[in-house]
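Common to both upcoming complexes is subunit A, partnered first by subunit B, then by subunit C.
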Partner chain A sequence: MKIRKYCKIDREFVVIDGALYPFPKEEGTHFLTALYRALSVDYPKFHKMDTLSKLGFLASELIFREEDENILMFDNMAIICFNRSSSLEYDTKFQDSIEAQNYYPSPSVFVYTLPNIVTGEIAIRNKLYGETSFYITPHFDAVQMVRTVENAFQDRDTQSVLAAWIEAYEETQEVLMMWVEQGKDGGMPFLAENINTLYNKSF
Partner chain B sequence: MEELILKLKKEIIEVLNLEDVKPEEIDANAPLFVDGLGLDSIDALELIVLMEKNYGIKLKDASQGKEIFKSVAVMAEYIQANRTK
Partner chain C sequence: MITCVGHNIISSLGFSSSENYAAVKSGSSGLVLYNSCFDSVEPFVASMIDKVVLKEKFTAICNDSNHYSTLEKAAILSVLDANKTAQIELSNARVLFVLSSTKGNVEALENDHQQTKKYLWHSAQRITQFFQNPNTPVIVSNACISGASAQIAALRELETDHYDKAVVIGADMLSKFVIAGFQSFKALSSECCNPFDVDRTGLNLGESAATIIYSKKIPELRTLPNTHFSLLNGVVRNDANHISGPSRTGEGCVRALTYILKNIDTQDIAFINAHGTATSYNDAMETVSLNRTGLNQLPTNSLKGYFGHTLGAAGVLETIISSLALADHTILASAGFSKGDDREHLNIVSTNQYTDKKMFIKMLSGFGGCNATLLVRNGLEE
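Entry: the complex of A and B
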């Protein structure tokens, strides 16, 4: 397996295939919103997403923006995500909202009280029809990531995998997303060692 | 009417969690659904609740929403004409 392309986003920087992606930070504006504006994407639904979905959405936009849409449509791409805190950010927000007096359960909040919503957002946006899954692990675990992606390739349908670690809770907002394909040529080997290097590397 | 439109924009931003959107970024005459703000059926439910909670308007027929939620300006006109609080 090899990494065809990768994207890393955190509060400090955005990186595509090892190159920094500079964008203007705006005072008083969340860095993800500033990045969305810098990408000139016209997708109003972005503003309604939770942080987890925004991270996944923007990383996938950066990965796919220069790719041929037709290739993506016919490519049976699976989306496999991992994180530590599930959708706790919005779970808490929802709990707070229903504890208030005269509450009503707000659909725009509780729709994001599942972590796998981000996989749906990416699949809908890019018309990806492969399997989608979201795993919660105690910590970033590259070995588990490789094993799970390897398993996904065992079926007859999966041609490629969009694998990502997406964490959004309190001060941590980070994503490492990798477009993984079978074969060895033309990309970095999808090995735990390489994934750890990408995850831990500062730019 | 301008005041009501601005108030409505702020309320829509709040109930739909459009945290990054500023009232001035919402075109009062742009469609609320699909294009424009890109709202969906879940958001329609939020708008129905908003009208009931904040303006005392209870929609008898949910299909009325299609006309009422055409844009912020249309919504404001309907609220102006039918509000009970």
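Entry: the complex of A and C
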């Protein structure tokens, strides 16, 4: 397996395939909103998303934006994500909302109280009908990521996997997304040591 | 292919698979009307585990009872009971634990956001530590298809020889959080649910912890429970349509069904155990999918009228009940069904029927647009 392309968004730094992606920061605007504007995509649903989905959406936009839309392999691409805190950002938000007197629970908050919604958001945006899965690990775990993605290729139709570590809770907002394909040529080997290097490298 | 060597269900209908199956076969339902539970203003129907009995049973096996959440207690008891027939060494490094849950201990957020027990991995660790298993458990949180995703994860891990045995646990409990959430979607019914019925009024939620212990090698016949079954195949596909509504064309569901039916003669399928939540959208989507794949004449049922929708446990619980039915040559009645929608050409089973066929299909769909199918066969390969 090899990494065809990757994107990392971490503490306001955006990296595509090893190169810093510069975008204008705006005073008083969340960096993810500023990045969305810089990408000039017209997708108003973005503003309704939880942070997990925003991170996943932006990383996948950065990975796919220069690709040919007609590449048929998209049809058989799986989306497999991992994190530590599940959907606790919106779980907390929903719990706080129902602790008020005469509360009115909001369906638009409740829908994001599942971690796998981000996989659905990316599937909808890119018309990906393949497998979508979400796994929880106690910490960033490149070994389990490699094994899970390798296992996903047992699905006869899966030709590539969009694999991501994607965490949004308390002080952490980060994503490392990798477009993984089978074979060796034309990409960095999808190995735990390489994934750890990509994750830990600071800019 | 992997083979079940032990299983258990803890639900409103009992604390073992056989108790649960006997209740379902006799037509008993665990659904009860709750008028004022979890601060709900509106009454709702749900299926809940008897917490007094659960606590008694747990105290009998562990003197540190207060350190485990209800979900963890139920999961541990479920594994212990499943292992009565499996008789495997749960602390062995060749045994993997796989946990499926949507909300874990979400009630921990009610008082204090800082508690570690709010994390799903914390629950999984409590369970594996109880059994002194050294491996990092696999935790799947894939909305309502989690119980199928967990079995697919186990299938892949065993088929690649990473492990010899997998303990697949599906567990979810009800809370103010979950009830208020489904109420916000106007999805909850104040009556017992009627999957696929023309007058269906929405879903009921349920609590369960259910366990299947899978083995890669087919054990000798004498060591198997008399109701063994094998997971032949399983797959997940996305609708790529909407995050909370199923696709009108059943895109992901059709693809998931088509995948597992490759090289399978549908004449060999005894029945389809649908997701059948009794929301109009879900049941309509499954109807479209079964029609599109030419499976609409196969006997089809939903178990939600007995257990409610048990969320992350549903895929595990419903696989066990359906397998027990198959071993008993029975296609179970779809509780709550009396009259189908004339526009929906399906063969919904309204009374228990006889079958001598060996396979069934399990279907599940969930938020995020995900759909899963499992192909299960009773008995050993002939």
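One rule holds in what follows: the second predicted complex is superposed on the first by the 198 of 203 C-alpha atoms of A that agree within 3 Å, B and C clash if a C-alpha of one lies under 4 Å from a C-alpha of the other, contacts with A are read in each partner's own complex, and residues count from 1 in each chain.
Here, a contact is a pair of C-beta atoms (placed from the backbone, for glycine too) under 8 Å apart; a residue touches a chain by one contact, two chains touch by 3 or more.
This structure is a prediction, so every number in the text was calculated from the model and none was measured.
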Subunit B and subunit C placed together on subunit A: clash or fit? fit
>> Once chain A of both complexes is superposed, is A:30 in touch with subunit B (first), subunit C (second), both, or neither?
In response: first
>> For A:43, using the defined touch cut-off, is the partner it touches subunit B, subunit C, both, or neither? Pick first, second, both or neither.
In response: first
**Asked** Where does A:151 make contact in the superposed view: on subunit B (first), on subunit C (second), on both, or on neither?
**Response** second
Per residue count on subunit A, the busier partner among subunit B and subunit C is C
With the two complexes superposed on chain A, say which partner A:106 touches: subunit B (first), subunit C (second), both, or neither. both
Least Cα-Cα separation in the three-chain superposition, subunit B to subunit C, whole Å, stands at 8
Footprint intersection on subunit A (subunit B / subunit C) at 104, 106-107, 111
Counting only contacts in the complex, subunit A reaches subunit B at residues 29-30, 33, 43-45, 47-48, 104, 106-109, 111
In their shared complex, subunit C is touched by residues of subunit A numbered 79, 84-86, 88, 91-92, 94-95, 98-99, 103-107, 110-111, 113-117, 119-121, 123-124, 126-138, 141, 144, 147-148, 150-152, 154-157
Per the touch rule above, subunit B residues touching subunit A in the complex are 15-21, 36-38, 40, 42-43, 45-46, 49, 53
Residue set of subunit C touching subunit A in the complex reads 102-104, 106, 109-110, 113, 118-122, 124-125, 136, 138-143, 149, 153, 156-157, 159-160, 162, 176-177, 180-181, 183-185, 235-244, 251-252, 255, 259, 366-370
